[in-house]
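Next up is a structure, given as structure tokens.
Each chain gets a letter, A, B, C and D, in the order it is written, and its residues are counted from 1.
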Amino acid sequence: MKIRVGIVGATGYTAFELFKILLRHPHVSITRATSRADAGQPLEMVHPSLRGVLPLSLSEFSAADFSGAVDLAFCCLPHAASSVVVKELLNAGIKTIDLSADYRLNDLASFSENYQADHADPERLGKVPYGIPELFRDEIAASDLVANPGCFPTTAIIPLVPLIESNLLDPIPIIVDSKTGVSGGGRTPKLAFHYPECNESVTAYAVGTHRHRPEMEQIVERVTQQPIKVNFVPHLLPMDRGILSTIYVQPKTRIKAADLLEAIRARYVNETFIRVTNQLPATKDVSGTNFCDITTRDLNGQVVVLCAIDNLLKGASGAAVQNMNVMYGWPETTALI
Amino acid sequence: MKIRVGIVGATGYTAFELFKILLRHPHVSITRATSRADAGQPLEMVHPSLRGVLPLSLSEFSAADFSGAVDLAFCCLPHAASSVVVKELLNAGIKTIDLSADYRLNDLASFSENYQADHADPERLGKVPYGIPELFRDEIAASDLVANPGCFPTTAIIPLVPLIESNLLDPIPIIVDSKTGVSGGGRTPKLAFHYPECNESVTAYAVGTHRHRPEMEQIVERVTQQPIKVNFVPHLLPMDRGILSTIYVQPKTRIKAADLLEAIRARYVNETFIRVTNQLPATKDVSGTNFCDITTRDLNGQVVVLCAIDNLLKGASGAAVQNMNVMYGWPETTALI
Amino acid sequence: MKIRVGIVGATGYTAFELFKILLRHPHVSITRATSRADAGQPLEMVHPSLRGVLPLSLSEFSAADFSGAVDLAFCCLPHAASSVVVKELLNAGIKTIDLSADYRLNDLASFSENYQADHADPERLGKVPYGIPELFRDEIAASDLVANPGCFPTTAIIPLVPLIESNLLDPIPIIVDSKTGVSGGGRTPKLAFHYPECNESVTAYAVGTHRHRPEMEQIVERVTQQPIKVNFVPHLLPMDRGILSTIYVQPKTRIKAADLLEAIRARYVNETFIRVTNQLPATKDVSGTNFCDITTRDLNGQVVVLCAIDNLLKGASGAAVQNMNVMYGWPETTALI
Amino acid sequence: MKIRVGIVGATGYTAFELFKILLRHPHVSITRATSRADAGQPLEMVHPSLRGVLPLSLSEFSAADFSGAVDLAFCCLPHAASSVVVKELLNAGIKTIDLSADYRLNDLASFSENYQADHADPERLGKVPYGIPELFRDEIAASDLVANPGCFPTTAIIPLVPLIESNLLDPIPIIVDSKTGVSGGGRTPKLAFHYPECNESVTAYAVGTHRHRPEMEQIVERVTQQPIKVNFVPHLLPMDRGILSTIYVQPKTRIKAADLLEAIRARYVNETFIRVTNQLPATKDVSGTNFCDITTRDLNGQVVVLCAIDNLLKGASGAAVQNMNVMYGWPETTALI
């Protein structure tokens, strides 16, 4: 038996990764792919890599159309636009995994402050499970809507939760210095992502103002019930994909890098997609995979935690499929290894 | 004594290279830099690399303004827009080097056919020296206007002229298979030049229709008085700058690669910027320079000619400054080595 | 039921791709991975991406060891070293897919001339099926040894066979101008592949002397029974993977690009992995896939054929698994889509 | 009048940059370029970009040979090897700028601990001026030997000195998270710098053990007479050149990012090569230049200082020429702007 899947906002990079994964999924058949701008075009016009593989035409989204044709929708729209559609999908009885930021934060106030936009579905804020199954598996399994996590937050939340839970850190601000490939910026042409601008260059951006900082703080607090402060600086690197986060923490006296790593290892000992290792992770080692590689190092009294993911997979579409697998009770690695 | 230079269309990559070269030029002072969209902004807002080096503000172009402030203008506007301004510059008595394609072709018919645009100054077509000093030095020295060459044509015309002049080739179509970096596509964001689209990829484009093909043919014919046919296929490569053209020619019986190379060497023996070599040229060897590196290889009866330049220098702004040096009688390498 | 697979020479890029594909293959279990230099090390030391996924240790190759533990071997050794091992594998009754060049050419003379090396198994030369299933499916299905094709030859042979078979071309030399990513050069550090040398640069190499030229000629002749001459110039591009070949052919009078494309389409109409298209193929569109994308364009009387593959997949390990699928009668796309 | 310059260890990237800069220098003539491995070869064999520009042959180094032919030597040898040669150069009365680490640290103990090597000239340790003219101009002007600074330390020392001097920071460890291009690793092929390994990837390396950490600490202390602690994590990025250091400091109460920036600006107000800016610096903005771009940002009570240089110029050869200019009393920007 197969479920019918629809992808809303099918022209970007996260949608493209979803298509590739879902084509390998034994329990899924892709029945809808929507785009406002390219409705009517064959999917392969916007994703030539899918030539001959997925003979689907792009259509304009409507809840009525999805109603009889889709069991689960992945929503890949921009923030604010997403909640409008998600609300309609849920009303039509369609399970939904939302890859936007619309349902990740605790409340309307923090959404409004960080995204400077209206929210179409504010009453659900704070009640939607956050889509890291390693932390929220039961809630995800029981829900019709999942807020798929942000790429940077994934690299911070996964290693930080066990450290906060285990009470191993001094309560000073945690520094998250992240390095990302350009696909994280989406597929819309902009000068900052124009090849000769970002190639052969590295720069920080959105320093102190990036919207993923409150997401990191709120989700760690949601799990651990302890407040944390994160100082977050993202950097844009000349590569397609991958995130490496270099996280600086202050352990309590006599706590070492090895102790922190052991706490992380113990927390995730049964988690296939979290690989705790003694090697320094490179983003290439997780590229094209749903893995999250983590290690730690002593640093003159402080400890640095290094965490690498593929921003489009464990940081977006891989996690989304993992969440779908949880929602349907399929083996969590289905189509992901 | 210094001349006063103005740059029209100062926000793109060729303008940026001009600024860098001209700042080193002992006989030049930059007095104007224009931009319609960014008029009023300091130049360093659009070229942060010039921070503190060139404290100039962008202004809107007007011939009246240039009239008392500029002796020579480099015009870096798009085709069709350029001739409008060039005509005004010349009328105001300002020497001009036009980096657009507007004055390169022989006549209005071929301009219209290839550029699908009106031309503001059609009567000058065919009378403006083409800015390869190694081929048109005397005309350039005597002219108030120079048509700066296209990047791809430079790599084809320089090696082909001596081969045609020497009557060494069979008259069959010459294949020019060119590989270019992305800066050749300009600084305006487009999906084709969006980092995650063109990084880690190579593709041909404008196959059989690229506007630089007639430019190659007409200029070689202008020098040699012999008709040639070129089949031209450009390719977009994931790098900032550089062009390598791989040119396939059919030599007459018993003519070898070494003979062709010798003809090229003899023709340019006194030319500093043309380096005839036995090594296979890499674009990196000419990157950041005004050199043009050429070699030849036998290939089963055919000969392949390899020619490498920096598309933004010998293929654009380096050649433009070389032309200025010729126009003013300064040593041709001034500010270029 | 699963077969047991061993990989000889497991530390390079083609072996790495094999591991990734085979881990998804429902009928395969990987039982051996060999390396002389790293024997005893866990596989994840040389391929960190396989951390936790394939808990195998590298061993030194011996036919005795493979004898009871391996049903089919992929041999990823360098040329000349490979035939030594292949002979032992076959003697031990182990089916073998050889990714080296040792069994591709027609005879010892051409092997010796092109590879300047001894051959351990000369009597098999000319009798081993060449591993393009789209052309040699029956021989592959019936054989215990397959000569997996070279990456560049794959891009030339697939489009050229139907053109020669259909008698659509004039018998003049065919030009194959190929552009490859750096992984094609293997994993051994060399100055030519040192990041700051090949990044931001393009160069031709092995012009007129590359060993893949005779392979192209011999295999096309083997299928079509017609002699052809190829002039082959490979270029090294700053990207990890992908090959685009730009092939210049001279069609007979009145034959057009569309006719050539139709001949190619007709020949491969039932072949999943060959995608004949009207779009210009980019290597990114086939990256990470086993597809081969082909189109044609008219060019002033000539025709250019463009063919793109992933050099490590359809050009190496993807083709190897496809060959295994054929040898065992499994659906040819198993683990490849 | 020109001085005669020799370059010892002429085959690497820093030597190549020296050649390019010195060719533009009006007071310098390059008379020697040495290499043990390539002695006898023309320089253009190892640096094809210098074809026809610098007709010099590589020679083996000897102090006797340099004695009559060289006034000033740039020594580009690896650490430990360098001091052997530097000692000979000084004994022969030749001014020397040493680009290795041999004369940067305070004493033999810290050299031995960090470099695990013998030192040929230990008595000079601690007495050689450190080659940041913005901090040690008078000592450099008066010395026959300069210890050219490390690339990473340059990005930390320049912004940190004014902050420590002004007593604006709390005395907790300063975090320096640096991102560097691959040329910083030198020109010797290694797996870590093999194109398909480091392309499309980012990784941290030498975490907590990099030799540039003590250099940062000792030099800041030498200038400010205050002890500091640095936690340093370098990262390798897929680009040729450039370093961006993201420096996390804890300002005293009520001190803001703007105050820190003002202190930096005031300290370097007369320094051409230090550009204090309100924009976030990208390495591309300093690529190919001797500039050091600095800004600061508030971060939830902490402050982040961002500093960008070209690792081969302000981080190596540009600084070296700047030091030469100081030693000879020429304008400091000669050949550098």
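Definition applied: contacts are C-beta pairs under 8 Å (C-beta built on N, C-alpha and C of every residue); 3 or more make two chains touch, one makes a residue touch a chain.
A quick note: this is a predicted structure, and the numbers were derived from the prediction, not measured.
Q: Among the remaining chains, which ones contact both subunit A and subunit B?
A: C, D
Q: Starting from the Cα centroid of subunit D, hunt down the chain whose centroid lies farthest away.
A: C
Q: I want to compare two interfaces, A-C and A-D. Which one has more contacting C-beta pairs?
A: Counting C-beta pairs in contact, A-D comes out ahead.
Q: For subunit A and subunit D, let me know how many angstrom lie between their CA-based centres, rounded off.
A: 40
Q: Between subunit C and subunit D, what is the separation of their C-alpha centroids in Å?
A: Once rounded, the distance between the two centres reads 46 Å.
Q: As a quick test, compute the distance in whole Å between the mean CA positions of subunit A and subunit C.
A: That pair's centroid distance is 36 Å.
Q: Listing for subunit A: what residues touch at least two other chains?
A: Within subunit A, residues 181, 197, 199-200, 238-241, 281-282, 284-285, 287 contact more than one other chain.
Q: If every chain is a node and each touching pair gets an edge, what shape is that graph: line, ring, star, complete or other?
A: Chain contacts: complete, every pair touches.
Q: With touch defined as at the start, can you tell me which subunit B residues reach subunit A in the complex?
A: Interface residues on subunit B, with respect to subunit A: 13, 181-183, 187, 189-191, 193-200, 238-241.
Q: For subunit A, which residues are in contact with subunit D within the complex?
A: Residues of subunit A touching subunit D: 173, 175, 177, 179, 181, 197, 199-205, 207-208, 229, 231, 233, 235, 237-242, 244, 246, 248, 280-285, 287, 297-302, 304, 306, 308.
Q: Report the residues of subunit D in contact with subunit B in the complex, numbered from low to high.
A: Counting only subunit D, the residues touching subunit B are 23-24, 48-49, 51-53, 200, 272, 275, 277, 279, 281-282, 284-289, 291, 293, 337.
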